[in-house]
Each structure stands twice: as C-alpha cells, then as structure tokens.
Amino acid sequence: MPIIIDEKTRAIVQGITGAQGSFHAKLMLEYGTKIVAGTSPGKGGTQVYGIPVYDTVEEAQEKHSANASIIFVPAPFAADAALEALENGIKNVVIITEHIPIRDAVNVMAYVEKVGATIIGPNTPGIITPGKSKLGIMPAHIFKSGSVGMVSRSGTLTYEIAASLTRKNLGQSTCLGLGGDPITGLNFIDALKMFEKDTETKAIVLIGEIGGNLEELTAEYVIREKYPKPVVAFVAGRSAPPGKRMGHAGAIIMGKAGTAETKIEKFRNAGVEVAEKPSDVAELLAKLVI
Amino acid sequence: MKLFEYEAKNILAKYKIPVPNGELATNPDQACELATKLKPPFVVKAQVLVAGRGKAGGIVFANSVAEVEKAAEKLLKMQIKGIAVKSVWIEEKIQIKKELYLGITTDRFNQSYVMIASSVGGMEIEEIASKTPEKIIRFPINSQNGFHSFHARQIARKMGYAGNQLSELGRIFEGLYHAGMDYDAELIEMNPLVETVDGKFVAADARTIVDDNALFRHPEYKNRLLEGESELTLQEVEAAKNDLAYVRLDGDIGVIGNGAGLVMATLDTIQYYGGKPANFLDVGGGAPAEKIAVALKIVLSDPNVKALFINILGGITRCDEVARGILEAKSKVGVTKPMVIRLVGTNEDEGKGILTEAKIPVLESMEDAAQQAVAISKQGGK
Amino acid sequence: MKLFEYEAKNILAKYKIPVPNGELATNPDQACELATKLKPPFVVKAQVLVAGRGKAGGIVFANSVAEVEKAAEKLLKMQIKGIAVKSVWIEEKIQIKKELYLGITTDRFNQSYVMIASSVGGMEIEEIASKTPEKIIRFPINSQNGFHSFHARQIARKMGYAGNQLSELGRIFEGLYHAGMDYDAELIEMNPLVETVDGKFVAADARTIVDDNALFRHPEYKNRLLEGESELTLQEVEAAKNDLAYVRLDGDIGVIGNGAGLVMATLDTIQYYGGKPANFLDVGGGAPAEKIAVALKIVLSDPNVKALFINILGGITRCDEVARGILEAKSKVGVTKPMVIRLVGTNEDEGKGILTEAKIPVLESMEDAAQQAVAISKQGGK
Amino acid sequence: MPIIIDEKTRAIVQGITGAQGSFHAKLMLEYGTKIVAGTSPGKGGTQVYGIPVYDTVEEAQEKHSANASIIFVPAPFAADAALEALENGIKNVVIITEHIPIRDAVNVMAYVEKVGATIIGPNTPGIITPGKSKLGIMPAHIFKSGSVGMVSRSGTLTYEIAASLTRKNLGQSTCLGLGGDPITGLNFIDALKMFEKDTETKAIVLIGEIGGNLEELTAEYVIREKYPKPVVAFVAGRSAPPGKRMGHAGAIIMGKAGTAETKIEKFRNAGVEVAEKPSDVAELLAKLVI
C-alpha cells in the first residue's frame, strides 16, 4: 500500500469554484481520484464538472463522508478552510494555496497537533500515488507507478526530477510535496517514517533546498535510526547568495545555517547520496535499486 | 518586508518596551532642531535596511547638538552598500552595563514561533549561537496556549535574572510577543537589549521583518513597499507590485522560471555548466500571460543580461499562458536578447503549438537548455 | 457596564457589521441639523440604559427633518423609568423583511462563551427561547480553537440561509465574535438583526454589556462610568467608585454585608420575617475600615432607611476592620439611625472588643439580628 | 478519604507576599496545611512566615514538587498565575482572587480541559477538609470534621451554614466553594460525583443562588443518575428583583431563567430538600442523617 492516499481515498475540493480549484478538480477526476464533493461559501447548490458544491464542509460531510480534502482557497481564507476540514473530521488535508501568512499556518498546525491529522502543505503541489489517486496540481503524465518514494520541498523541481525518473523507467510509489513555506505540515522525517512502513517503496528521493534546518535534522534522523531504505537527495540553491530570499519564504539563508553546502555535507555524512544536478538523481537511483 | 529601525522601535514603544528617546530627521537642520528635544550625548543612526550598517560608518556618536548636525549632514550624503541614506534617527545614548539578545522567529521543525534569548547580545544571533551556544535559550511557543508573562519570567530566570529585573524583563518579553503577533513579524528582535548601568532594560537596536504574505493585514506597510520607500531596487519594486519574486545577481543570463526550487536549480545548473545567472525570477504558480510578459520586461531591463533562459514546468502554471505571455512581451516590449525556452507540463502541447507557430523554438531538457544559454552568454549574447 | 445603543452600534461598525446610518444629538437643533445628513424616513431613539424603552415611548418614527426635531424635543424632555433622556440617536429607517437574533454570552456549564442565534428576533431572547425553542441555535465557542468564519457559516446554514446570504451572515457573525472578545463583552447582541427587503443584513438594534472586571482594559468606558455618564443613581455611582456593589430596593431596612450570597440571604431573611430591605450592599472580600465607612455613608444617604442591618461573617474580611469602619462612620458621618450589627468570623474577638468598648451591641445569629431589624423598622426606626 | 485535599496535600501559595496572601498563608500553616513554598514575581529569595518565596512556579516546583496551589494574585494577573501553576504540573488549583475578567477565566478553563486538572474558583473561599487541610480563606474554627459534604456558590453564606451545622454537631467531610463568578472551574455536578465516591460523606449540602442554570442542571443530574446520597439545598436571592446584578457577576437574573423560584422548584422535583432560611439547613440535615 502506498502512503496517505490510494484508490479508496474520498476527497472534497475546498474552493472548487475558483479558476484553479475547478481546473484541477477536473484533472483529478480525469486521473481517477474520487472527488465526492466541493465547497465554496456562497456557491452551495451548484455543480462543478458534475461534482456537487456546498457552502460548508459540514454539509458536504453529512452527505458524502470524505476522508481527505484539497484546498484551493485564496490565502487570506485558507487557514480557515483547513480548520473547517479538520473540525469536520477530515484527517488528510492538502493545502495547495500559497502566500498563507505564517501566523495563520502556525495556528493550523497547533490545532492539527491537538486533534491528530495530516497536513500536506501549504504551498505544495500535493500528493500523487501514480495510477491510483492524485490530490494535487502536478501534471500527471510525468509520473508512473513504481517503487520510488519521493518527498520534496519544491513543487516544480519535483516534476523535473519525477519526469527524469519516469523517462528512465523508475516508477514512483507516492510523490509528496511538503510545501515551500516556513511552516508546513508533514516534514521529511514524517515522510521517511511512512515510506519505511510502505512495502511498495524500495528507495526514497528527497528534494531539499536552502533555508531552515529540516535537511540537517533529517540527516541526523537517518543516522540515529539507521534508516533501512536507500535515500538519494538533491538540494537546490548552491548558487544562492546568503541573506536573499529566493522566491518563497522557505528559501532564505541566514548566515551559515541552512546553506546548500551544510545540508549536502550532512546528507553525505549520513550515507545519503546527493545529486549534483536534477538529472543525476535518476542515475544515482538506478544504481541503488538496480 | 524589513522595517526601518525607527519603525521597529516605534512598535516596541507601543507595547511599553523601553526604547531610547529619539527623533527622525531627513535633513541636517531638522536633525539639529530635533536634537534639542533630547538629552546629550547622542547617537545618530542612518536609517537603511542593509545589514552591517555600523561597520560601514552608518552610526555616529555626538556629544552636542552641533555634532548631531554634522553627523546628520555626513550620513545623509552617504550610500551604504549602494543604498542612499534618506533619514537619520537621533537618540539618547544609553549607559550600557550588559548586552542581551531577544528575538522571536519561526521554528520550522516544531511548526511554531520560537523565542530566542541570550544573556550575550550585540552581535548577529548566528554568531552568538556559534560562539556561545550554551547561552542560547530556545523557547517554543504553543500558539493555542499563547505566551504568557510567566513564560517570560521563566526565560528571564534562565538568563540569570531575579527579583525586580526578572519582573521587568518578563514585561518586556511579553510585550515583544504581542508586538510580533500583532504585526505578523516573521522576525522581531531587540539586539542588543541593553541592561543599563542602573539596572534598567532598554532596546538599543530593533529589527522587524513583517511577513510579506500578511501585508494585506498591514496596509500601512504594504503601501510603503509599493511606493518604493524601502531597500528595493527599481526592478525589485516592479516585481513586488506584480507579485513576482525577483532577486538581482551579478551574472549575465537572465532567468525566468516557475517555482523557487526549480528556479534555484536552474541557477545551480547554469553555474554547473560554467555560466553566471543575472537574476532569480520566480513567476510563482498559475501565472497568467500578462505576468509572464511583465517578468520578461523586468529581466530585460537589466543591461547586464546577454541571454534569457525561460524554464517552465507547468503544474498550476499552464504552458499556453506562458507562451502567450512570451508573445505579448515580444510584441509590446520587444525582445532584443536571444531566448532559450524550455516548456513542459500542464497544457504543454498548446504552449508549444503557440510558440512554434510564432517560430520560437522550444526545448524539453533543462540541462540542454542551460548549456545552450551558457553557450550564448559566452558568445556575448549572439 | 451597559453601553448605550449608539456606542454598541459604533463598535459593530468598527467590525464592518452593517448598521443603519445614524447621528447622535443632545438637543433638538442639533438633531435637526444632523438629520439633514441622513435619508428619510427616520427613527429617533432615546439613549437610555433601561430595558423596555420602546414600550415606554422612547422610539419615535419621523418622515421629515421637521418631525425629527419634534421627536427629539419630546424625547429629550422625557424620563424613562426615572432616567432622564440626555441624548437621542437619529437613524435611517430600515425596510424589514425578517428579524433575526444573534448574541454572544457566557455559558457557565461549558465554561465558555456561547453564540446564540435565532431566525426569530426582535423580542427578548428569553421570550424567543420560551416561544420558539426549536429556533434557538446554541454554538459553544472553544477559546483555544477560536471562532472562525466557517463556524459562522455553519450557524448561518442552520438558520436556513445559503449562498451569498450565508457568506454575508458569516462575515457578520465573525465580526460580532471579535467585537465581543476585544471589548470584553459579557453580552453582545444584535436584536433584531434585520434581513432587509433587498436581502441584505443590518443590525437594527444592538446591546453590549462590558464585563465590569475587565474595565481596566477599557479605560474609555471606566472613565465614563465614574463620571456618572450612565444609568446609575448617585448612590450607585458612589458605590462603583469605591468598588462596592450597591443596588437600591424599595424597602426601609438598609443592609450591609460581605459576600453576595450572604447579603442576598440577609435580604431573603428580612423578607421572611416580614421586613423590607432598602438596598443590597456587598462590601466584598477583605474590605478595610474606610470602605466600611463609605458603605454606611451610602446606605444612610437613602432617606427611606429606618434601620441599618450590618451582617458580617469574616473570612477574608476581618471583623476588627469592620468594627473600626463603623466607628469611623459614626464619628465622621454621624449615624442617626438605629443599627443592628451581627459580626462573626476572622478576628471576631478583636472586632467585638472594639464595638463593645464603644458601647455598640453585637449579635451572633443572623436570624436574631434580622428579626430585631424588622422589629425596629416596624416601629418606624426607633 | 475526603475530596481533593487531605493531610498529604503539598501546596504553594501564589501571590504570597501580598497582604491577603501572607495573612492566609499563616492561617493555613497554623491549621496544619502543608504550605511548601510561595511565589511572587520579583520577590524571589525572600521568606514569608518561614515559607520560601520564588519568582516562578517552575523554580518552586523544581525544589518542592507541590501538588496543589492557592492563588491570591491580583485580578489582572490571576489567570496568568493559574496557567503557570497548570503548566508546571500542578493539578489542583484554588483561585481565591475575585474580579477576574470573564475572558481570562474562559481561557484558563479551556486550557484545563486540555490538560485535565481541577480548578476551584475563581472568587471562591476555597476548600477545607476539616482537621486535615485547608486551602482557602474560610475562618477555620467554624468547621468540624464529620460526614457532611458541602458545596456552595457563595463564600460567606457557606460559613453561615457551616457554622450552624457545627453548632448542631453536624461535622463536615469537605467544604468546597465553587466561586461566585460566571465562569468557574468545578461545578455542583463535579462535586456531587466526588462526594458520591467519598465513603466518609453521608449527605451533601448544596448552596446555590440566583443567576445561571447550574442548579437546574444539577437537579436534572440528580434525577437522571438517581443520586444515591441525600442532598439538602439552600438558594439565595428569593427577594432579588430581576435584571439587577447582586454583588458579583454570578448573581444576576435575566427574565425568568435563573430565579430562586425555578431553582427551588427543580430541586424539590428532584427530591432535594430545600431550606427556607440558612439556619433551616442544619435542621433538615439532622432529620436525614439522624
């Protein structure tokens, strides 16, 4: 069984009537994801590609009992949407929305901690279990079912590397974007734990970037737990000058902490192979999984 | 968004945190006049948003109003790291006994805010952390429970204070927490927070970075950002106005991509093949054609750019919109530099179709495209 | 502390809750002038803090500015339940389709705030609760999790709304929550919240009671309370200034005690024995002598009082302080009415000693003392 | 075993350096309560009647491991003190302070619900297990060890009735003031549950007052659970006119709800004896426990 989502996942789309929400609801449906309902306050009673739309998650849940949600709600209202999903019993929530204020994200995560749920994102491309289910905005055709687990802080870079894996016939069990914001739900270590239990996953690709210390902590975790499956990493931002924010709040380096160099060094010390450029990931992986 | 020192201190004062008495002046006459309201000796500080202001000569001590005028005159003619000094902050000099550090920032791993305190201050927190790690107190804040004055006192106690000083520090820390939350600060710090010779505490320097994503809750700063009253270059202001993430670098290959990770990897790959990127520009997710056109305009306005490398991998971004944006820029702005375009992902066929029809070639591999862009830049953009 | 309607509406407006356009006037000329800024027809409403204003003729409709002037003239000469009308609120009349109720109060049992909503409004919530209990929605608020706009929408849905109206009600409910929290309201309500003939929502009447214990966070109201700009009688203002809880009643036995429960039981016991209490006065816990003296002064200033019954059971209150307060009042104010004193508890012996020395008798049983006080009052205070 | 406190209770006094805090710390010590430490921010290092004073509860706990706390801290800071005690592992907290803002009390109670602890008060005289321990401000000499459990919303009225019980030789197992504020920790039902389990308690005296609906809910509880021990009630405020606040936030009647009449009627319907005046409680009780 892959991680978090599979063919049995029943999902709602929050913010389904917006341009992105409706566009991707259609793509997800076409991919085979069970999208059972959508929500959009003020648009209750309408339909989007045949999906019933409700004003509240409460009503959607009364009628459809979903177990996952994907959020396309604009940033100022996205934290509210996430809390709405969680309070109405949905345990897996993917937040696509970017530009959510940090304070809002912190509040959501504190609530998650209390109720026990899984948040992917915010500012994530989502999650895909190729051939089974997709809760995200990734272009589906670049993925292929297989045994490589992928977890990444960067959206488009995930596509880049997933596509190169697929070209080399290295299919994926589940691909998961953590999200590029300073505060996100799942982290690398959570994902490694899930992939460890998943019998379909034989090796893991981990895509990091400058800023923060999640990669460093993950490297320590790999050493401490003698992580049993092979891991290949790529870290974006080697050429980034310190102190400059690169594109989103996640990618900023302060002084020495969080540079690509320290992250790469820590990974290598932990026995994690680190690729020089995106296309090298597939080559390193091919050697490991044969 | 970084705030000026005087803005950061005004916020602290609002939360009853002691700051030195001070005044803001934009010309030497005004500096002279305002200094008479204060007690000598003075410190005159250039209000710029770049780090290392002190070492660059941006802080001048003055014993008299006349010296303040001179200092202001000198500072207001200065450029610090390329940024013109437009105002100076004149304040009363503090009698320092000890310098402390106190700040609040985010803790990715614990998904929370964290208060960082140290009984050693006055230098960058990273330096404190590497020189005296045992003096760093990290106090995670549970946003559901809040940060209460007893938390503040517990931290003050760990810093070695007791009695009235502990109570006073408690009030200051609690004030900093509320200031940070109310202003959506991704970083708010007092460095140094000074213990004065008479045992009081004063925030001698203050820094606040407001979460850009929360500026909709703080229109006063959002407006200033857009009016260019900040540390940003012209291109950066133009980018901010259009919700584009742009950082100028010192190379000659203009880069446009979608997604910070991908754009960074693009820069890395250019460097890997021996080229030098001129900028970072992330159009973000789902950029419409107009935004792509503006991005091209911004990158092309940098005279150093010899070649343009557009690297798009569409997810929420649609390749057809990108293609239309490129054509719009071509027709409106006029693209005179050679372009290397790599375009795959959502609506890839439509996008390629549009560009192919306009006789613009499109590549599929990022590495191939990077190598081609590097080659063009080395030939001087031909 | 109850706020005036116009104050309550100003708060709502600050939280972007629609209220009718309106102006406050303190004389007919001003009313006339301000009405020209508004669109007819008008409603002119006496600003008093007593309930049942409408039935007492305190709300007048006016079709023209001239009628507003007349209405203001009439209202500003009125007394409603003994309270003089000092100002009138002139507002534009709303075209009502439906009246709703929305309020936030405290829920003792769940130890939380609770939002109460009903698709029936315009009468007292107790009346709604007894007439149409099935229409009452009780929504407990978890203060750790907060009240979010989705909660508001869930309530709006239960009230039978959908679509844009649901979204709009959601915004209004969320605004009411923030207003209530920020202003420390123990009750904040919109009754009726009106659905207009064009499907919009407007708070036609508003009521806010600020938690007296939180007035230190709201000095603007605390000051008004102490300046007597409220519904309070002179005695009540004097009591409030001295942190005494005083309520005037219609009998002739003045009562002073410590602890609301004990004082209420004292009133009940007086009534049980056929007497009539003139007031409720609770000196609270740990009252010093000066406060006791003030309490006596306040009770004695009521001309109806024929006998005084002081009932103290000391816990945090010390009997010696009470005794000293009684002597202080005797010497400074002069106590001309007969006193029955019952004094037991903390420092009981010292207290009794002080009074016995001053030749003031002290009783031990509350029932005995009550009977004695009733007897004195029946003899006309002799 | 009596309820909540007994001779093994180790307590700290928060706000011990204030006039009330120090006065009652002394009285509690004299009564035999184990007061192991006190706190008062800014006064750490001093002593009050030989009790060591600390700036923080954290420090007091490191050195004395108390399991109860009593709070005399002024109203604007009292909620902070309660949270400090709770966060530092103290599970029984008595808040003497009156005039705490409702919003602050609500925040404390929401935290209590999360961590599982017992709050008595605010605006309570506290709790006394006669002859064993006292965490409160009640005059101790009016109490006497015995088998009547008392629970009350009113402080001085509790003394009034406890004294009359003691005069009739009806001793008490534990006497407990819930506090007169609109938001308090323990309620009547919580206390009834505890007294039910306590083998020493043979009968319960319940002292209510106008305002709120706790008495009504308690009467319903007594019926629903067929409460096995005899209960005698007194309700203050029969003579109170509606809509007037009587002394503290708790004692206010709004319309028909919360009047003495409705409370008394509900109690009588539940088989609870209701006394006409305070002194009648002891007489009714004497008949019940014989």
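Just so it is clear, A, B, C and D label the chains in written order, and each chain counts residues from 1 on its own.
FYI, a contact is a pair of C-beta atoms (placed from the backbone, for glycine too) under 8 Å apart; a residue touches a chain by one contact, two chains touch by 3 or more.
The shown structure was predicted, so the numbers you read here are calculated from the model rather than taken from an experiment.
Student: In terms of C-beta pairs in contact, which of A-C and B-C ranks higher?
Tutor: By the number of C-beta pairs in contact, the winner is A-C.
Student: Can you check how far apart chain B and chain C are, centre to centre, with Cα atoms defining each centre and the answer in Å?
Tutor: Once rounded, the distance between the two centres reads 51 Å.
Student: Report the inter-centroid distance (CA atoms only) between chain A and chain C in whole Å.
Tutor: That pair's centroid distance is 54 Å.
Student: Cα centroid separation between chain C and chain D, in whole Å?
Tutor: Whole-Å distance between the two chain centres: 27.
Student: Residues of chain B that contact two or more other chains, please.
Tutor: If we look for residues of chain B contacting two or more partner chains, we find 144-145.
Student: Which residues belonging to chain A are in contact with no fewer than two other chains?
Tutor: 107, 111, 114
Student: Name the shape of the chain contact graph, picking from line, ring, star, complete and other.
Tutor: Looks like something else, not a line, ring, star or complete graph.
Student: Mind giving me all the chain pairs that touch?
Tutor: Per the contact definition above, the touching pairs are A-B, A-C, B-C, B-D, C-D.
Student: Within their complex, state which residues of chain A touch chain C.
Tutor: Result: residues 41-45, 55-59, 77, 80-81, 83-84, 87, 107, 111, 114 of chain A touch chain C.
Student: Under the stated contact criterion, what part of chain C meets chain A in this complex?
Tutor: Going through chain C, the ones touching chain A are 144-146, 148-150, 153-154, 157, 162-164, 166-167, 170.
Student: Give every residue of chain C touching chain D within the complex, in rising order.
Tutor: Checking each residue of chain C against chain D gives 51, 106, 108-109, 111-113, 124, 126-127, 129-130, 142-144, 181, 184, 186, 211-214, 216-217, 245, 247, 249, 257-265, 267-272, 277, 280, 282, 284-286, 313-316, 344-346, 348, 365-367.
Student: Where on chain A is chain B touching in the complex?
Tutor: Listed in rising order, the residues of chain A that touch chain B are 19-20, 24, 75-76, 96, 98-107, 109-111, 113-114, 125, 136-139, 142, 152-160, 163, 180, 182-185, 187, 207, 209-210, 212-214, 217, 234, 236-241, 243-251, 254-257, 260, 276-279.
Student: In their shared complex, at which residues does chain B touch chain C?
Tutor: 144-145
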